[in-house]
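Each of the next two complexes has subunit A plus one more chain, namely subunit B in the first and subunit C in the second.
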Partner chain A sequence: MAYSSEKTQEKRRGFLDPRTKLALVLVLALFVMGGLGGDMLKPVKTGLSALPFLLLLIERQWKRFARGIVMLAVGYGLLFIMPYLPGALNYIALLCGGILTRFVVTIVMGEYLISTTSVSEFISAMERLHMPQAITIPMSVMFRLFPTIGAEWKSIRRAMGMRGIYLSGTKAGQVLEYQMVPMITSSVRIGEELSASALTRGLGAPVKRTNICRIGCRVQDGLLLFLCLAVIAIWILELCGVTLW
Partner chain B sequence: MKNENKLKGRDLINIGIYGAIYFVILFAVAMLGMIPIFLPLLSVLVPIVGGIPFMLFLTKVKKPGMIFITAMIMGILMLLTGMGPWPLLTCAIAGILAELCVGSGKYKSAKKAVLSYGLFSMWIFGNYLPLFTDYEGYFAQRADYGQAYIDAVQKLMPLWMAPVLLAACFICGILGGLLGRALLKKHFEKAGLA
Partner chain C sequence: MVELKNVSFRYGNEETQVDNENCLRDVSLSVKTGEFVLLTGPSGCGKTTILRLINGLIPQFYPGEVIGDILIDGEETKDKELYDTALKVGTVFQNPRTQFYNVDTTGELAFGCENRGLSEKEIYTRIDKTVAHFHMEKLMDRSIFHLSDGEKQKIACASVDVSDPDIILLDEPSANLDYDATLLLREMIVQWKAAGKTIIAAEHRIAYLWDIIDRAVIMRDGRIVRELVGSEKDGLTPDELYSMGLRTTMTESPSDIQKDTFRKEDTPITLKKFRFSYRGKKQPIVNIPLLQLAEGEITAIVGANGAGKTSLLNCLCGLEKHCKGKLQYKGKNYGRKARRKLCFMVMQDTGNQLFTESVLDEVLISLPKNTVHEKEKALELLQSLDLSDYTDRHPQSLSGGQKQRLAIACALASGRKILLLDEPTSGLDYAHMQETSALLQKLRDMGTTILVVTHDSELIHACCGRSISL
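Now for the complex of A and B:
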């Protein structure tokens, strides 16, 4: 007999295993953003770039999908109109376009990873990878805190803007002090509350933690992991000087 | 005694909290690096601004290993954000050096803390390493940014800049550490955080 909570967990189970997501982020970061590999990987990279958008659609993250597509479209649009622009604008358009088309894909993938993975899923995946606790606990705290810090910083910037302290208005030193100090203070406070709640739930206790999350390899994970391996294999072949096409 | 030196859950969570703040600040500053003139300047800006959260972090560091883990996590995050595997290496070296430095001050000395942040900051040099180890390849990969960008970066980053950048990281790390200490006294101690 299955417990009801087990059923909910099964329902809540993500489309992909966190480990697959991590592997995908890594491959995208190295090949699409880092620009590893030469001409032979170009078509592969184009295919890879579509992947995070597909995943967002499958997980029904319409907003993120739309934002990513718009940014990518702006990037390609800039590259497209670039030759028709005069002088200096031309370089700026090319630079912005180059950066956008290169970075957006990996950023979208990272967003996908963070927004669709719960902390317990992440920890349980890391445990199965046999990562030491010294790495998994700080990492999971960080992934939990990134959006919070971003939100805090945004509201502090707004509050300080109301008092006339913003980047173009006052001295950089003042901005640094009046924006960073409150941001750090409130983030540390939030972090301390988080740490108290995590400790009561036994994070970092000397015993082995159990976890109710269902993760594991399914067909789609297998396919995507195979894709990652294939990309790396093509890259190695290219390094050895083999031409496939 | 041995048990006291072992890292507990709270220490690891602290690493996460301060690591996250440090990384967010670093990321915000590093966005400037898209503009060619700021690329070498990052080795000045990042250590100075990052000193504020890091000095606060050092007040929580009482056990060996915490700085090294922070450095390694920075390396992993750099790998995930597309800076390649070099930062992992420099992070390991800088982390160990910073760790030894704070350790020699028994985790209390303020001077050693500032010096240790200078040593820690040297990991940032790892982000520049692919540029210097493979000068031609680096620019070939960035051909789609346009010739103007490449010319600008090549003018700003001749090969002899490598030791200059490393030194800049260290010196600005110390400056950032001093700034961090000043703000620590002015704000964080009053707020009861340090």
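Now for the complex of A and C:
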């Protein structure tokens, strides 16, 4: 059968719109990690905490799911055994448990955002949020440049190893300088070549750019965005002194 | 129709005068619609500069002083914005690693059209057409970083095709490609020609294009010295070619060149159990249970892009931790770490292996510790490699060939016995290729064993005594 880019783009479409993912990260960071709303919102927060794990399951990211669950279990385990531990250990357990239980959920959500969003999806989302080109273009160039410069860095490190120059002893400063010399030269060259190529293909034209990658709100996005709004609404009601339960 | 009328150009402005390389002196050239013109000549003759004038990168991106007119379909391009020129002119560049804006292949094909603001529907239709046309279904929806150089260059051509410009410029597109990939590139160009595109290519490797071009324009020192068409082009003798600084016009696959890998009378260097695979890949990229190489000879390593030639060099240098192979040299076994002091690799990006601020320092840090008269020794080495005029220059400011010689000087300074070179002649003209070949023979006569990964058939003919096909 003939190749159809439209169909494959549709197939590759993520379960959620990048904007929904961003909103979820924000809400989790504020309420679960930041502790906004205090104990009153506890049941809401527990519900929210389950979300990133559910999403990972839907996208079949088994490894990330397992890692998150284990971290969370360790956190709660520490808090559970904390009272039975002597002195300093007690304090350490409390600290680690506290940090893990608060942070893991949001970190898992962030991981979900990064691992399931392609660069073009992200840029497309940014464009739909009406971010100006002056912000989206440098951002997309950065995404492109990092892996390339990373590869360059690796090749320079290898070259040093081969020439018998190692990071050791008193000469660490000099070795760092040695690395920077080719690094800067090649980064400048790569940047220049990338820009030249992009410009000859019309980047920066004063027309509205299109983007072929498929994003956009669907039912699941609507539901989750509604949930985010609801959490914020409950919080505001609470601030106003309304007791919900 | 593309016209250059009495064009002169030099890079930089009066204060930041760069040098006279790559400048143009009173060039007039006219390319008819649908014509395929090849620009060729020695390095620095100005062929890339002409392409940059046509696609508008000069003077919009590379500043300089332009005299004369550059007209595309009668319109002056000098004063046009790059995005306007981009509607008519598409360019495929030399380096496949630095011409992609996206990280996935499909996005890359769409890029030019997205910038023009074409509708999504239209872009999809165009991509599907190009994909079917060039038979590249397998390359779609992949990460750019997981493609071979040949595949990347195919994507670069396809992305120009999706934008569908009338004029297509090719700036040494084959420099990093192996023989088979070059033939694929040729196929794509043939299709463009059939579709009536105007094509202008700047190339050193002219063999794969020679029989499909309409006209060859030969340049030297910023001037057009000769134009060849028809029987004149086909009847050119090798001596005439070489006198103009041109490469051969005969296509020959490096793996078809018959050379022994090892002869009975050779002193062996034995490789044992060299096996290496990339993380997460089951199929090993290097798999050599046993191989004998000839000590003190120049051996060519040939094979397609992705056959593991560069990986083998990495393993030989001891750069791959997971390769457990052993190398036997002069009756002694060398493990991974010991090989780091025995082998030296001149990499493709030679600039990445030069670290200091002067040519002399570069050699000094390579000499073993406690060398007596180290400065004299270093100078002597530089002299023998024709680098004594450059001792105070910054290594990064040297030309490609000079960087290569400096890296070799470092190898000799650190007393390495086996020299590995990764594509030392990619993108070199005839004279420079001959220089490299002469240098390798000189090193061989000094007792160095040399392994060259290459797809340059001319280099193999010029200096390699043995050959291995991977």
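Things to note:
In the analysis below, the second predicted complex is superposed on the first by the 167 of 245 C-alpha atoms of A that agree within 3 Å, B and C clash if a C-alpha of one lies under 4 Å from a C-alpha of the other, contacts with A are read in each partner's own complex, and residues count from 1 in each chain.
Keep this in mind: a contact is a pair of C-beta atoms (placed from the backbone, for glycine too) under 8 Å apart; a residue touches a chain by one contact, two chains touch by 3 or more.
Given the structure is predicted, the values throughout are model-derived calculations rather than measurements.
With both structures placed on the common chain, the touch criterion links A:197 to subunit C but leaves subunit B unconnected. In the superposition on chain A, A:211 makes contact with subunit C only, while subunit B stays out of contact range.
Using the contact criterion defined above for the overlaid structures, shared-chain residue A:185 touches subunit B and also reaches subunit C. In the overlay built on the shared chain, the residue A:142 is in contact with subunit B alone; subunit C does not reach it.
Residue contacts after overlaying the shared chain place A:95 against subunit B, while subunit C stays out of touching range. Contact with subunit C, but none with subunit B, is seen for A:161 once the two complexes are overlaid on the shared chain.
Of the two partner chains placed by the overlay, only subunit C lies in contact with A:119; subunit B stays clear of it. Put simply, subunit A uses residues 140-141, 181, 185, 194-195, 198-199, 203-205 to touch subunit B in one complex and subunit C in the other.
Residue ranges of subunit A in contact with subunit C, taken from their complex: 2-6, 8-9, 12, 118-120, 140-141, 143-144, 147-148, 151-152, 155-156, 158-165, 178-179, 181-182, 185-186, 189-190, 193-213. Residues of subunit B that touch subunit A in their complex: 7-10, 12-21, 23-25, 34, 49, 52-53, 56, 65, 69-70, 72-73, 76-77, 79-84, 141-142, 144-146, 148-149, 183, 187-188, 191, 193. By the touch criterion given at the top, residues 55-57, 60-61, 81-87, 89-91, 93, 95, 97-104, 106-107, 109-121, 123-124, 127-128, 131-132, 137, 140-141, 145, 159, 163, 314, 317-319, 340-341, 344-345, 347, 349, 351-357, 365-366, 396, 410, 414 of subunit C touch subunit A in their complex. Touching subunit B in their complex are the following residues of subunit A: 25-26, 29-30, 33-36, 91, 94-95, 98-99, 101-102, 106, 110, 133-135, 137-142, 145-146, 149-150, 153, 176-177, 180-181, 183-185, 187-188, 191-192, 194-195, 198-199, 203-205.
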